């Protein structure tokens, strides 16, 4: 289908920058110190792969709650690495495929990757690649075994590979010995109150005197993706009538509308 | 078969209005404030999809007891949206199909949907699409994984999609991480006493002095579909002889007949 | 095979009266008020389907212990409805078929049914159609999902359908959400002492002074089918020598022989 | 293979007398009142099927411990019935067949049976036909469902059928609702001390003064088949040297040898 | 492969003596009274099959801990019986075969066996033939059912068969009703201290004053195969330098080396 | 793929020295007495296979925590044995293969091995060959049964075979009776403090006064592979800038950087 088509443009050389941009449609906003440090750690791994001769293979797992920004971070690492081969393996491009086809597709990407001197393979949302569901539990052991081997397989002489995985079910990956197969495990957290405030202030859609009350209404940690969604809903108004004015700064979000949206999204 | 035939009339453009009407054969009766607010919330989501540039994809799960009116509400949202593409995915059109065929059919509809600028896909009775049964439990993990991905897949540039799901087993969908994959979760409730009375008064088939006793006989919350069924049974009389007179208002429902019917239907 | 052959005579129009008679080989004996009321309730549903325009689809589940007369009752309803299409779906005609073939055969019958203006489909012994066994438990989820959908699928404009199911495992069907999918649930009970006496008196094979003692020997509720079986065994005598005389009324059943038979049949 | 070949001689008319004899290689010895009554009860069922017009189908399950003589009894009933069609369905003739082939073979025999006016079908060692094993447990649900239906399927007008089943796992068959599907359940017991003595005396291989001590050494109930095996072993002597003399009555079994054999066989 | 090739030399007549010798590569050493009696019991069964007309089929299960000498004993029985047909069924000749192929191969051997007047079939390491693993547990039910039937199937007139099984998991075979299907069950034990001493003395590789201390170091029962392995390791010396001298009697085993070996082998 | 290609160079004669070197990319560092003794024990087994005529088959399982050096040790044994046939069976060369193909590939290697007079087969990471995952647990029983047989199958006359297995899940292999099928079990441990210090001192990347504090920061046992990884990361510096200087000895590792790396790797 169309997504696959987009990604297949330069198969031998991984994803184009355009494709990677699709994984961070709302950009990379400033979210505070924790997120900054996370990105820096990832970029150090990129440098180690580029420069060290003893570590031709490094792997890093980004884990955290749904919507915390793992995929966007992985895409950003891929973009900023400027490695000649960057490829995202995502269940979105494998809808309806059999276990065998998925395993082959994954295996093919790793084979392609080590034909390039410097490569990044992103395994996005690993529990979806594994077709995991908690009832049972069920998952594709074929895909799992494929990943367990490929993540640890040393590239041939002169080739270097960074594997970046993302997951919101790290406890599941641990029980499969898959989290441990990564060299490094990093937590991508949901936002705390001060981080939330930083993002909301940046959006500039609340009246100054409403901002603190809006933040206070969020009494739990909130993943960045969900926060952006609820801000967008609130900015629409009841019948979509406010959107333009608010985006132009001519109007501010109504607090009650905001509280309503919170209830629908944080059930 | 015939149902499928009806739905296939305009495959590239989703269901015709006629097909959508089939999902609310008893019309949309006035059921009180709660149902009114539910519909309004749904229509706001329609507007957000239509107007917001930051939310090209929105998804909403309607959950509630069997017969509470979820499918009728979803069909109404489709009809009133006036979006060019509205399609209902229902197990009725997939009887006897294999997992693979179901997954492909679902995938095809989502692919078609994003060829239209504004689209609604209704996933009706998701537990049936999943072939779920509590013993085991068993279900189609292939269909589940397909849904988990498609519900979250961003449409290409310039296309917008609203996904509306219905289910009477939301706790099951939660344990599959499927309920959480929807942006918004809304409860479609069974009717309380005052709502029941409103509907029964509207039908005008009880003698005025019988109405309160009839309502009182319903000491639990009743889904709208089951309420309409028991009223129709009662209006038949013992041997189908009263139906015409009652419909014409020339006769009223016998209370004992009504009590009998209640026992058969609310076992 | 032969049974199937019998039933295939008029496939497009359901079972002939002859075929339906096969399901009540021992006739319909007078068994007291409870059985009379049961049949009346079924016939009211037949009338509602015939006359009401709001209920083009009605479904009724007959449940009760093995041999209580469920199949005979369903066949009787079919015969007396005089609907143009009456079809019994029974595992007897599906021996050795695959899940897929069974599902297709069932689906075909429902498709055929709604080509006739007034139709009855009998789903006989649903646990057998489902290939249910308590160990595991195991059953055909394909057949189950087919039934769950077909029982609730509204016929097209102008067609009316009554679905009658029978089962001796209603608790199993409930745990599959299948019992609840029927609009009406009716219990077909085993016979109590007075009902047993009525049937035994009607057979006229005991000496007058033996009848009460024979009835008293049955200290539990007895399904009609098993009662008729034990009476027939007793009437045979030890070596099949009494059968003719007793049938002609020239001899009466020996009580000790009757007690012996009870022990073999009610283990 | 060879056994199958033997049985296929007259497939349309069931087993020949020769084949039935193979199931009771050690003849039918006099084992006391309980075994006599068992056989009489079976023969009454044969007569009922032959004569009664109301019971065209009767079914009887023989259950008891391994080696208690169930198969030999069923074969005897078949032989003495002199019915034109007598067929034994045994796992011996189905080694290595698939579930589907077994189900078809069983189904075919029942279809053949009802082409004859009077028929007996023996389902020998039903747990083996079902491929049952307690670990799991596992079994062929296809074969089970086939049996559940065929055992209850009324033959066409004018045809009569007696089904005789044997099993040493009646509790398993009960948990599958299969034991209950038979009209009559009969227990074929292992032998008690007096019955054992009767059989041992009949063999005439012990010295008169040894007989009681030999019987006393058997402090549990013993199935007839195992009893005959241990007697044969004992009669061999340590190195097979005594067999001929003992059979000719020229020598008697050594009691110590007999005790040794008991230990090997009754572990 | 090569093993199979060896065994296929005279398929219609079972294994050649050469093949049987392969199953006792270290010969049959004198291990004391218990082992002697075991073999004698087996040979009596051989004689009973040869001579008795009432027991055309006998079966014997040899069970005991891994390496206790079961296979070597079964091969010895086959060799010394001098029966025209002796065949070992072993998983070694079935590596990678499907369940169906294994079942067919087994069935074929039993069919071949009863074409000969006197035959022995050895079922070696039955848990391996069954592909048994305790996790699950899992095993081939097809192979199990095949064995359950074949072990009890009477050969045709004039043919005699002895079935010898071996297993180190008799409790598993019991839970499958397979151990009970054998007429005789015999335990092949690991060696006790005095038996160990007898074997070690026979090897003549310890200095006289070391023998008792070496035996004392073995504080548990030891299977013959493991005992011979540890003696061989000890006789090698640290770097394989002692082997020749010790075998020629020119040097004795170093006790510390022996203790080291014990630790590696008896973890 | 490429790895397979490398290994297939001399299939009939096992792996070339080059291929074996790939399994110890960071060489064999001096890790203290325990590791030295381990290797010596392995080499004694090599000698026993080479020289003893009574043990044509020996098998040894190396088990220990992930990264403790099992594969590198096995490869070293293969290299130093100078046996004509040395072959590593690793899941890396079987990615995506079916159970059947894996079983066949393994079987083929064992068949090839015994065509050479002296052979070593390394079964690397047996849990991966078995496709083992703890959830379920699931694994390939086909591969397991293949290994259970091949590990114990005596080579033909005049051929000698040493099987070396590696695993980090020895408790799993025990529950499958697979660990016990090896003649010898050896533990390859993670490094203790003094061993860690020996390795770190050898690397010469810490300032003398920092060494003890760096060692002290490692308060648990550390597998050699993980230790080398964290040292390499630390030597990179924050942005890969220090690597060259440190390798040349011109700069030392910053302790804080080292502490940071520890946290990422020892989560």
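By letter and in written order, the chains are A, B, C, D, E and F; residue numbering begins at 1 in each of them.
Here, a contact is a pair of C-beta atoms (placed from the backbone, for glycine too) under 8 Å apart; a residue touches a chain by one contact, two chains touch by 3 or more.
Just so it is clear, the structure is predicted and the values come from calculations on it, not from any experiment.
K.L.:
Strictly by the touch rule at the top, which chains does chain D share as contacts with chain F?
P.N.:
E
K.L.:
Can you list every chain in contact with both chain B and chain E?
P.N.:
Looking at chain E and chain B together, no chain touches each of them.
K.L.:
Centre to centre, using CA atoms, which chain is the farthest one from chain A?
P.N.:
Result for max centroid distance from chain A is chain D.
K.L.:
List the interface residue numbers of chain C and of chain D, divide the shared ones by all numbers used, and answer same when the ratio is over half, different when under half.
P.N.:
Shared-number fraction below one half, so different.
K.L.:
When the C-alpha atoms of chain A and chain E are each averaged to a single point, how far apart are the two points in Å?
P.N.:
Each chain's C-alpha centroid was found; their separation is 59 Å.
K.L.:
Roughly how far is chain B from chain C, going centre to centre by Cα mean, in whole Å?
P.N.:
A distance of 34 Å separates the two centres.
K.L.:
At least two other chains touched by the same residue of chain E: list those residues.
P.N.:
Nothing qualifies.
K.L.:
Inside the complex, what are the residues of chain D that reach chain C?
P.N.:
Of all residues in chain D, those touching chain C are 40-41, 43-44, 47-48, 50-52, 54-55, 100, 103-104, 107, 111, 114, 137, 139, 141-142, 144-146, 148-150, 153-154, 156, 175-177, 180, 183-186.
K.L.:
Going by the contact rule set out above, which residues of chain E touch chain F in the complex?
P.N.:
The touching residues are 1-3, 6, 22, 25-26, 66, 91-92, 95-96, 128, 131, 133-135, 138, 228-229, 232-233, 235-236, 238-240, 243, 264-265, 267.
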